[in-house]
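Input: structures, listed below.
Heads up, the next two complexes both have chain A, just with different partners, chain B and then chain C.
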Partner chain A sequence: MHLHKYEKYWLGLGIIGLIAFLLILGFGAFYLGTHPQSHGELIDPENLEMNEAFHEENLGLTKVDEGRYVLNVVASAFNYNLGTDESGAPISHIEIPAGSKVLVQATSPDVVHGLNFAGTNINMMVEPGYVSALEVQLDNPGEYTLVCNEYCGVGHHMMFGTMEVVE
Partner chain B sequence: MNTEKRKQLKSSQESEPNLKGTLISVSVLGVVILVTWFGVLMLYLSR
Partner chain C sequence: METATAPAKQSNVFRNKGTMELRLSKNERRLVMSYMYVAFISLFIGGLMGLLQVLVRSGNFELPWGINYYTILTVHGVILGLVLTTFFIIGFQNALMGKTVGYSKKQLNWAWIGFAVMTIGMIIAAITILVGKANVLYTFYAPLQAHPAFYIGITLVVVGSWINAFVNFRQFYMWKKKHPDEKSPLLAFMVVINMLMWLIATLGVATAMLVQFIPWSLGYKNTINVLLSRTLFWYFGHPLVYFWLLPAYMAWYAIIPKIIGGKIFSDTLARFSFILFLFFSIPVGLHHQLTEPGLDSTWKFIQVILTFMVVIPSLMTAFSMFATFEITGRKKGYGGLFGWLKHLPWSDVRFLAPFIGMLAFIPGGAGGIVNASYQINTLVHNTIWVTGHFHLTAATTVVLTFFGIAYWLIPHLTGRKLTKSVNRLGIIQTILWTVGMLIMSISMHIQGLIGGPRRSAYSDYGGTAQATEWGAYQMAQAVGGTILFIAIVLMVYIFVKMIFFSPKGEEEFPIAQEEDNAEPTPRWTENWKLWIAITLVLILFAYTVPIMDVIQNAPPGSAPFDWPIGNS
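Then we have the complex of A and B:
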């Protein structure tokens, strides 16, 4: 088959690009352990208590070690359950020191929700029946809004919270 | 058909098509893909 000289150029670059992207994909998946946030960890949506992370007292932000936190969230129509404060009032604002590593774990008892701290890499789908988990390092101080970015029903816009990364 | 004409016809069939414009547009597309890919990577790493 006859190929024009130029055709060989772009076919060559295309094949090199394909191989490069496949290698990057493999590096991310097998070496860095990147996976979809909903990674096959199952939970009964009618019995979230089966998972210790979603016991009422474990919801919200918990410091587990120096610079390490766990944030457990139950996203339901139409609220993010981030636990309660000492007076029993629901928490909608959390503060994390800059540079901390946070493991976010979330699930839903009803429909698909989103969990996005706008402006950070915390952005995931929260599906009933699955535990979505993601660990991120928060380096940039500022206030970030927690929003639902999967349309979940009439109260979709009422699901919000805030997170402040403090120096 | 005289030999002159036949010669002309033959040479025009054998000459390669001009793909300079195609090469440029394919390169522009490639550069756009690379720039957006690295842009998204930088955005991810900086957050």
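Then we have the complex of A and C:
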């Protein structure tokens, strides 16, 4: 197949750019360890209690160490269960000090949901049968909206909460 | 001493150039027009749904009569993403096949059967959606459970398209048999590649339907493997977008050159790029599932690499287009570095609409690179950035090219002329579309970057500052979407005018030829067995381990949920 001289340059540059691009992605993934959420832990969607993280008393934000938190969430149609406060009322707002590392663990007893703290790197799918988990560091103070960004039914847009990253 | 070449030895190139053009019979024209009717009715209904969506999302409008937002969202996605595209494409491709390799009477009858099966399936699915029994959007979303009729309808659409695919394969095969030493007509070659890709890709969605969704929705099976259904869907869902794109490329490679008064840049290159699209369109679906649990990150990364291979044929296509423009311009005597741009027929809508489509593919393709970029995907996954992205690629690049085709194809089929006034309306339509889409798509991209979710009815999310900011962009989308709807109404008007009111005559079916001194096309381009084998090997490589993993390490299956979509 005959290729025009300029076309060879064009494709050559394109392919070199492509290789460089993929190397950068690979470097970010396998050397720096930045992967998208890919947790594979199984759970019975009809018996979430089988996993300690999703016991009623363990839901929501827990401080496990200095600057380290765990956030356990049950996403169901059409609500995020972030645990309850002292008076027993459901929590929809959490606060985390800036610079903390937080491990988010989530699952669903019913249908597929999304879990996104808009404006942060916490963005993942939540599917029945699996525990989704992702650890991120929250450096930038501000209020972030928790939204379900995967269609889950007619009340999909009513699933939300907030997180304040405080100085 | 001279040796005579052995006459029995086969040359490794094809000797023939160009394409003999056939005349479309009355029945063939009627077949293609039937597809066009469905396509343009779908355009209107789907466009109306789009308008309602942007109005609802502006926060200032509520749907009347208790209509659910997610019903209109499902209609919009299914009717534009599956019906408009599939019907336009198969109709257009049937016209190309009739024009280049022809139909026997029997083939044409089978093509009609394919159309009938597709249409029946489409009507069944449409009714199920419209009565609110299938608010599952077009990605199905197990374990949300729609009425079985929805799944059966969709399956029939796919089966009908398969009948058409086999008719196209048969036409091509018979032509090759009759012309053993000739290369196939370029456009017929491209149609066969696209239908091969479609056939292999739809096996995924058909398996999901027949093995999972239909028995489950009929109650024969109690549970469904959610992740398997999603993986099978996206095995189909990504090649689907190339199934939309390749017919646009057919027009770019082999029809636009004729419209601008030029020749095909390179027959071999065009074929080779289509072969590469066949290879790299399918084994890549995991890049839609990058943030999903239960899929191994290494295999996600491997499919990301395979996804990026389409950059190569895309660059080849871009080069070919602009090379054709420049060569044609220089031949006409326009000099200078960019002087050749002037010769392009800017006031010919058959060129202008597809050309804007080409331009839209530059940011569209760049956005696609962002989406597929493994860890960067987390930033935009399921935000309305993605919606902005495919409104550039599908709803601008593909759709404007399809409109560009319709301006000559419809009058050609109905025995009328593309008049100056229709051409002028077409140019206004193209400009309206471009302006509306720029406003809507840019505001979607920005809103997505600041976290705004897609697939969502209006919500103030408890009144957060972020949600207030999103609201402003949703207002901009309502403005852009309204302009787009006006453009759709104008397009439907043009469509009706071209069918019933334009003056009678013979509109050209533009098919470009090669240069007289063009390089012959090598025979390896038609090594079909090899192309299919490579395609299958790549699919098996990319999908065997992930799918085995999803099946063997499956969680307890999911019971059906019909109440969240109001289907109980």
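To be clear about the criterion, the second predicted complex is superposed on the first by the 155 of 167 C-alpha atoms of A that agree within 3 Å, B and C clash if a C-alpha of one lies under 4 Å from a C-alpha of the other, contacts with A are read in each partner's own complex, and residues count from 1 in each chain.
Throughout what follows, a contact is a pair of C-beta atoms (placed from the backbone, for glycine too) under 8 Å apart; a residue touches a chain by one contact, two chains touch by 3 or more.
Just so you know, these numbers come straight off a predicted model, no measurement behind them.
Asker: Name the contact category of A:131: first (chain B only), second (chain C only), both, or neither.
Answerer: second
Asker: Go through the superposed model and pick first if A:64 touches only chain B, second if only chain C, both, or neither.
Answerer: Touch status of A:64: no partner.
Asker: Mind working out whether A:166 is in touch with chain B, chain C, both or neither, as first, second, both or neither?
Answerer: After superposition on chain A, A:166 lies in contact with neither partner.
Asker: Between chain B and chain C, point out the one touching more chain A residues.
Answerer: When the residues of chain A touched by each partner are counted, C comes out ahead.
Asker: Check whether A:7 is in contact with chain B, with chain C, with both or with neither, and answer first, second, both or neither.
Answerer: both
Asker: Scan A:121 for contacts with chain B and chain C and give back first, second, both or neither.
Answerer: Touch status of A:121: both partners.
Asker: Given the touch rule stated above, what does A:16 touch, chain B (first), chain C (second), both, or neither?
Answerer: A:16 contacts neither chain B nor chain C.
Asker: For A:140, is the partner it touches chain B (first), chain C (second), both, or none of the two (neither)?
Answerer: In the superposition, A:140 touches chain B alone.
Asker: Residues on chain A in contact with chain B in one complex and with chain C in the other?
Answerer: After superposing on chain A, chain A residues 4, 6-7, 10, 119, 121 contact both chain B and chain C.
Asker: If we count contacts the way the header does, which residues on chain B are in touch with chain A in the complex?
Answerer: The contact residues of chain B facing chain A are 16-17, 19-20, 22-23, 26-27, 30, 33, 44, 47.
Asker: Which chain A residues qualify as touching chain B in the complex?
Answerer: Residues 4, 6-7, 9-10, 13, 17, 119-121, 140.
Asker: Considering the complex alone, what residue numbers of chain A touch chain C?
Answerer: 1-4, 6-7, 10-11, 14-15, 18, 21-22, 25-26, 28-30, 34-46, 77-78, 92, 110-112, 114, 116, 118-119, 121, 123-133, 143-145, 147-158, 160-162
Asker: Under the stated contact criterion, what part of chain C meets chain A in this complex?
Answerer: Answer in residue numbers: 68-70, 135, 137, 139, 141-144, 226-227, 230, 266, 268-269, 272, 289-297, 300-301, 304-305, 308, 311-312, 315-316, 319, 323, 369, 373-379, 381-383, 450-459, 461-462, 464-467, 519, 522, 553-559, 561, 563-566.
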